[in-house]
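Working notes for the structure below.
Each chain gets a letter, A, B and C, in the order it is written, and its residues are counted from 1.
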Amino acid sequence: MAEIRVEYVVGADTTDVAVRRPKSIARRGLLVVILIVVLGLPLARFIGPYNYVLQIGMILLMWVALSSSWNIVGGYAGYISLGHNVFFGVGAYFTAMIFAYLRVSPFVSAVAAGVFAVLVGLLFGLITLRAHGPSFIIATIALSLLMLNFFDNWDAAGGSSGIGYPLPPFPIEWVKVPFYYGIALCAIGAVYLSYRIAHSKFGLGLRALSQDETKAEVAGINTRLYKVMAFAASGFFIGIAGSLFGYSLTYFRPVTFFQIAIAAQMVLSSIIGGRATVAGPVIGAILIAAVNELSVVMFGATALNIVVIGGILLIVLLFFPQGIVGSLREAGRLPAFLDWD
Amino acid sequence: MTPLLQLQDLTAGYGAGPDILNTINLTIESGRSYCIIGPNGAGKSTLLKVVCGILKPRAGEVLFRGNPVGGLRPDQLLGTGICYVPQERTVFPAMNVRENLIMGAYSVRNRATVQERMARVLEMFPILEERTNQLAGTLSGGEQQMVTLGRALMVNPVLLMIDEPSLGLAPQVADQIFATIGDLGRLDITVLLVEQNAHKGLQCADWGIVLDLGTTRFEGPADGLLQDPRIRDLYLGTRRGEVKEADR
Amino acid sequence: MTDFMQVLILGLLLGGVYALMASGLTLLFGVMRVVNLAHAAFMILAAYIAFFAFELLGVDPLLSILIAMPIMFVLGIVIYALLFRRIEGTPRYVEMTVLLTFGLALVVEGMLTFFFTGIFRSTGPSYARQSFFFGEFFVPKGQLLALGVSIALLSALWAFLTFTKPGTAVRATMQNRTAAEIVGVNVRRISAMSFGIGMALAGAAGSLLSFLFPFFPSRHWQWVAILLSLIVLGGMGSLKGAVIGALILAVASALMTHRFGPSWSPITFYVALFLVLMVRPQGLFGKVVRI
């Protein structure tokens, strides 16, 4: 018989009672299975569309990393950023230029790209997080457009013609594998980061300020610091993912990364999965990315894509604002294996 | 004679939060002025908001002159003669005093009536007469309160509900406001006042109602409540043994 | 010096049109606290209407305004009823409006791209290529006409808001929604009407846009960022601010373009946006509101 332990979690201005189920075997089991599948996929060298399957897997995992990271700012802190693709692009360009000028492989400089993205996040965070609510959102859009404009005009980065890599030095049958693993590690890292933040004092502070920033400040939380840290931290794995993804494309232009559809998908994935939860962005990311790929296969890469994203966003916002995980939890029907909080 | 206003087992709250008003029952007779006192969170403001239509009741009935009005919109209730002066200073800051008063008569069609009533209101509030062209946003707290009161009078309300008029006002200014409210009885307006300053509130009303935890605790003639030792101890903040609170 | 004057003239001409574009946006925010990220997408929709009216029916874009405005007015009311009425009063309302309009913008952009592709379009009435000459200065005819239309529409808006009863109700709702409610304004109806008006203004702006700039569906993001920077500078919710912000930034951007080249034009707006947010978030005429 499962024991229910009651812990008192002191919130910003109230005393919350958080009831935690002990980690059920089902959940642990599922996580292990997932890890095995994710990490073991490339080892199952089967006949058929091997590279394609790895490519799809990589895309799905990449969106898991992107959404989980976005969730730190957009979910936990409650600050909706519509320009988070900035980190994605900055990471990609960082490694591309390091490679172009210093011949260092992205697999080596990827982590540095992540760190660079964090620094960029600190800078941008300090600027944009002075604004509240809608002003912040507007600032992030402007940021994204600014970066697009900037890279389009920066000749050292190739300008609007883009920048490229030579083909990766791996044998063609295994060429997807290193990318896959790189992104997979990113995804695992991002989800783990999300989990750790959610269960930390930092995360509690973020949640407090997302509910009522004034009260959180009055309760002694340095909201400015927390917000900026969340913004910067969210950039890390996005930057790494950007650098690896850019390499996997072999060639890209500013619009590849700085287009609003990417930011939109990050936002939608988190919202549809359930903001401010750990499992939500993961589920949402996989769902949306899969739907996307499916519609490309069935209808070709048309503009109907963004119609679908926009439409789903509207429906979710109007009828299921808590997302899948949030709505299930509210109805009391969240299965234990989805409850990663 | 049907009472002017009746609340029957009224329950209400905000958003997804708990019930603030808890099956409250209240009867307001026309011609009297009422003051509702009680601690914070008792539901005093909530009560007014339900009656004037800003907040929808969760259960129970609101009857105005015997007709159910619970759930109607504020502009519909205005038509029946229920007028509300909220806690926050709700002047139109970028309009001057005159325009504010005219806005008060937004629901009145006859222009002559509007002019007539404005003249009367300016007579009641000579300070506003001096400042008819001043932007309402630049007025002092007390003057803004007078604008909101005057604005409410522009529709010749039957029931005038005023939420904490003295909030944020210096004592002297608050006294002026209370004096004006006390005079409203002469205009055949039933006044329902909510006040934190229980002393002053009860002094300018006929009947007092004590609200706590969403229901009525005590009711009675206002001066009776002022003297009642139980009420004094619980809600008026006087110490036992003191002969009488000096008025300020 | 003449160079400078010329640039100034061009900037002011443009500013007048930007003012029209921004006025609808700031009206929506002032009345209903809606940040309409889809505003420019609808402008571009109207531009397409004008384009096809011109190509297929020979209707002059300036006349298309008469077609676009009623269509967009009705569309605005429908959108308000379907999307915004149900979220009124919910927590984090303003944030929700941003997300909703974001989704709306994506839908509109996607549909436009699907039906009309991403080719650069532009209507080509004769005046779009002509100019008036005043001494050493030239004034593009199209822009002058557009400015005239803007002034006319903004004046009509001003007159509506100042002299009519519903217009006064709109102003009252913008200043204090609760107060408007308690004096008997049906704020729901006023909100719907304001939404319609805001969209109608976007419709008119779109018709003008069709011959002033080349357009394609995904262009609206750049426009929306520009418009947002204008109203943030002017103060969100202030019509006066929108006009003044538009003039200031249009001239500034024209000067920057003159000095540093056309790619700097949008950057001026973004930089201005960040500066305003950092230094004086409420802009010139906005209220200090902690949303």
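As a convention for this text, contacts are C-beta pairs under 8 Å (C-beta built on N, C-alpha and C of every residue); 3 or more make two chains touch, one makes a residue touch a chain.
Bear in mind that the values here come from a model prediction, so they are computed numbers and not experimental data.
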item	value
Shared interface partners, meaning chains that touch subunit A and subunit C	none
Busiest interface, counted in C-beta pairs	A-C
Central subunit by CA centre of mass proxy	C
Between subunit C and subunit A, distance of the C-alpha-averaged centres to the nearest whole Å	33
Distance between the centres, which are taken as Cα means, of subunit C and subunit B, whole angstrom	42
Centre-of-Cα separation between subunit B and subunit A, whole angstrom	52
For subunit A, residues contacting two or more additional chains	none
Contact set on subunit A toward subunit C in their complex	78, 80, 82, 127-128, 130-135, 137-139, 141-143, 145-146, 149-150, 152-153, 214, 259-261, 264, 267, 271, 302-311, 313-314, 317-318, 321
Residue ranges of subunit C touching subunit A (in the complex, touch as defined)	35, 37, 83, 86-87, 92, 94-100, 102-114, 217-218, 221-222, 224-225, 228-229, 232, 236, 263, 266-267, 269-271, 273-274, 277-278, 281, 290-291
Residues of subunit B defined as touching subunit C within the complex	15, 52, 54, 73-75, 78-79, 83-86, 88, 90-95, 103-107, 148, 151-152, 155
List of subunit C residues in touch with subunit B within their complex	91, 165, 168-169, 171-172, 175-176, 178-186, 188
